[in-house]
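Going in written order, the chains are labelled A, B and C, and every chain counts its residues from 1.
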Amino acid sequence: MKDSNAILEVSDLRKSFGAVEALRGANLVCRAGEVTALVGDNGAGKSTLIRCITGVHPASGGSIRFKGNEVAFNAPIEARHLGIETVYQDLALIEDLTVWQNMYLNREITHGWGPLRWLDRRDMIAQTEAKLGRLLVNMPPVRAKVRRLSGGQRQSISIGRAASWGSALVIMDEPTAALGLRERGAVETLIGNLRGEGIAQLVISHDLEQVMRISDSVWVMRGGQTIAHWRTNEVDRTQIVAAIAGGDRIT
Amino acid sequence: MKQTPHSLIYLGLSAALVAALASAPMAASAAPAGTANVAVVVRDFNNPYWRALRDGAADQGKKLGIPVTVQAGSTETDSIGENAKISTMANQSFTCFGVVPVNATNIITPLIPVSRKGIPIINLDTGLDAGAVKSAGLNITSFIGSDNSRAGAMAGDYMLKLLGGSGKVVILLGIPGEQNGINREAAFRKTIAGKLTVVQTAVADYERPKALTVVESILKVHPDITGIFAANDEMGLGAAQAIANAGKQGKIKVISIDGVTEALAAVKSGKLSATVSQYPYAEGQMAVSACHALAAGKTIPAKVESPIRLITADNAAQAITSFPRPFFTFDNPFGAL
Amino acid sequence: MRPASYLTAKLRDPGFWGDNAAVIGLIVIGTVFSVLTPTFLTWANISDLLVSASILLVLAMAQQFVIVTGGIDLSIGSSLPWAAVIFGLTFNRYHSMSLAIVAAIVSGMAVGLLNGLIIAKLKVNDFIATLGMLGVMNGMALIVSGGQSFAVDSPFLQNLVLGSIGPIRYFYLVALLIAVLAYLVFTYTPFGTHVLATGGNRDAARNMGISTDRMRILVYLIGGGLVGVAAVLMVARTGGSDPSMQTSQLLTSIASVVLGGSSLFGGRAGILGTVAGALVLTTLLVGFTLLQVSEYYQPIAVGIVVIAAAVLSRLQR
């Protein structure tokens, strides 16, 4: 069954580190304009799956299709070129740099030619204001150093950055785990906004209430395998919990 | 941050102010018109040798009633620090400069503005490169220092005497390239040539701990040496210590050059065989006397030799009592000091 | 906001004091000395002060680049005399000032490259690696110079030290130009941003695709080149090349950067602060010389100032 809306299709993915089988048949489908939740206990293989998708590790078996085409990444930069962006748990933000500097880190807009380039600060500042302004509810001043921002603001900027550069798929690992109630709300609103932009989002979350709130589909992993997946509106919490903890494979 | 930052700022500022005011003299000394206002710059104040020069200059200043200011860099090799001192003092109202260079050239450029103002400059202790002085157009009025070649020869003669004319020796060198050390070594070698064998030459930068370490190693490789010549006392004392540690005191003779108090005491006790005493104190005295003479319109010789003396167990006690002054009279163009 | 109320608001903000501790310190100390001796605030003295600070300033810039990435360079204590020896030998042999200057810079960069490779590729701790190179380059300088200091006679160099454009002496003009260049690099080039990122959060920088190894090697390379420039200044000022180690310059270069507010852990580059730091340390020496303060009090006062500036910089935003 060919899914024309699917940005990412992972089929029967396997990954071994020497004798250790971290993935023993993982499946996943992420659609444009939808939030896909990936859940599972510690050690279920979620992080390994993400690393294979983003090109940190090459898979040992199975297939990854991106926009219908088979892909095999050898380095994260290749995934990035196709428009897959990751928001890391440590956010990959540089505290002593400003919001706009972080936004454009390693992608700076410059004047000049060859080795003699200098930064087009004004353009970067304006564009950051535009891009983040559209997405974020509570936008911090773009010239502020990241050090002075709250956890929620940092998370939002990190996601906003990934979304601006990641035109196709944004992957988030526990985006609100360390945040208070209000800030969590702001981030979830941002995730909702990104949906509207047509971006596919893949969210790892242990917060099942959040999963029920924000996702369109939920995939459960256990023991390196994908053991269940549902459309979120067709399942309830107890079923998900049961799948995470144990029980038969459900398709 | 919840502490009161204002008080912190005030505290910091007042502490800095107090420190500055406490360490400043109430008024900079000024010379009565027509007399000298002497500036002396040496390498550092860690080395007792330069401290003696400073004291000689200061004492002579008090005796003659003229102000003398002595400054220094921070280490034996701090050419940049010494230059900074000279540059700064060049802007003050000194009428005469006495300077000990770190190496053959370092003070030449900062002294050019001094020379251009017609202020007399006296080169102390270590000679400047004559060629460099000439091409810089620097006017050096006089050189006051001891004849290091003669000192090296005296050490050589006494070593020959102590060793009975033959044996294996080791030479400890100071800072590479420093002219006085070069002269001492060359003269020593010349004096002992053909009679004593130099089995090793080692650099210890004029420092005692380095000399100790170096000699410890040398004793393992050459256990049969009978003499060590060190280009200065600090190294000589380090060598003597290493020899004592190895239980060979008395079996290996150590001769060094400088004549600092600790070395004189070591000669008296027998730990050090001899030292060729220099009198930086006298150098300092003569520098100030020279400036005084120049201010009075007299001329002074282009080269003034500062006294040296071989100190052995015989005259060590005398040397110690008179220290830092020479215990003998010596010729000098400035009369009784 | 009206200018007056803006100023008082700034003065009330402890963050302002913390961020500008070195500059404030420089103004305070300069004022104190001006009050205590009339010679201090003369143009001749200020000019000589800047000349005396120039070599330190260039070394502090070299150290700044390295410290921003969270590294440190202990080898400049002997790579400085090493470059000075290469400079002097090249000039005395070939009588070409431009060739000699290039040789000085290249010899400094060679040390920097070695440092960078050992630290970034062989993963040796920067403190240890540069400490080792301190010893190696000391030996190299002695070997190449035959253990001798030697004169370097050049009217160009003499003019460099004593000459000026109008009231501005060439000597410190070189140093100030380098400081300005460093500022421009950090503020207006992508390289500058990447270096700051590498120092601020190396893993994050790497995740964003910055080659942090390359950044760390490049800053040592640049620092080494600047040491070469400092060597030219030193040979000019001292009239010759001396292979002896310069430890006081090494320690003061680090003190200048730290005094200026750059964290030793990297990620911040306060060029103005570092310049102020270097000037503070030089001003203290000059002021004490003018006041004929006893040598024994000088290190105490320097120590107090360094600690005071460190305390103030804790108020940094």
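Throughout what follows, a contact is a pair of C-beta atoms (placed from the backbone, for glycine too) under 8 Å apart; a residue touches a chain by one contact, two chains touch by 3 or more.
Since the model is a prediction, treat every value here as computed from it, not as a measurement.
Q: By C-alpha centroid distance to the whole-protein centroid, which chain wins?
A: C
Q: Would you mind checking which pair of chains has the most C-beta pairs in contact?
A: By number of C-beta pairs in contact, the leading chain pair is B-C.
Q: Sort the other chains by how far their Cα centres are from that of chain B and give me the top one.
A: A
Q: Using CA atom averages as chain centres, what separation in Å is found between chain A and chain B?
A: Whole-Å distance between the two chain centres: 72.
Q: Measure off the straight-line distance from the CA centroid of chain A to the CA centroid of chain C, and report it in whole Å.
A: 44
Q: Roughly how far is chain B from chain C, going centre to centre by Cα mean, in whole Å?
A: The computed centroid separation for chain B versus chain C comes out at 31 Å.
Q: Which bits of chain C are touching chain A when the two form their complex?
A: That would be residues 184, 187-190, 193-194, 196-197, 200-201, 203-205, 207-210, 267-268, 317 of chain C.
Q: Using the touch definition up top, name the residues of chain C that touch chain B in the complex.
A: Its residues touching chain B are 12, 14, 17, 25, 28-29, 32-33, 36-37, 39, 42, 44-45, 48-49, 51-52, 55, 142, 145, 147-153, 158, 161-162, 234, 236-240, 242-249, 282, 285-295, 297, 300-301, 304-305, 308, 311-312, 315.
Q: Name, in rising order, each residue of chain A that touches chain C in their complex.
A: 76-77, 80, 88, 90-97, 101, 105-106, 108, 110, 117-119, 121, 148
Q: Quick one: in the complex, what on chain B touches chain C?
A: Going by the criterion above, the answer is residues 1, 5-6, 8-9, 12-13, 15-17, 19-21, 23-25, 28-29, 45, 69, 71-72, 74-75, 77-81, 83-85, 87-92, 102-110, 112-113, 129, 131-132, 135-136, 175-178, 203.
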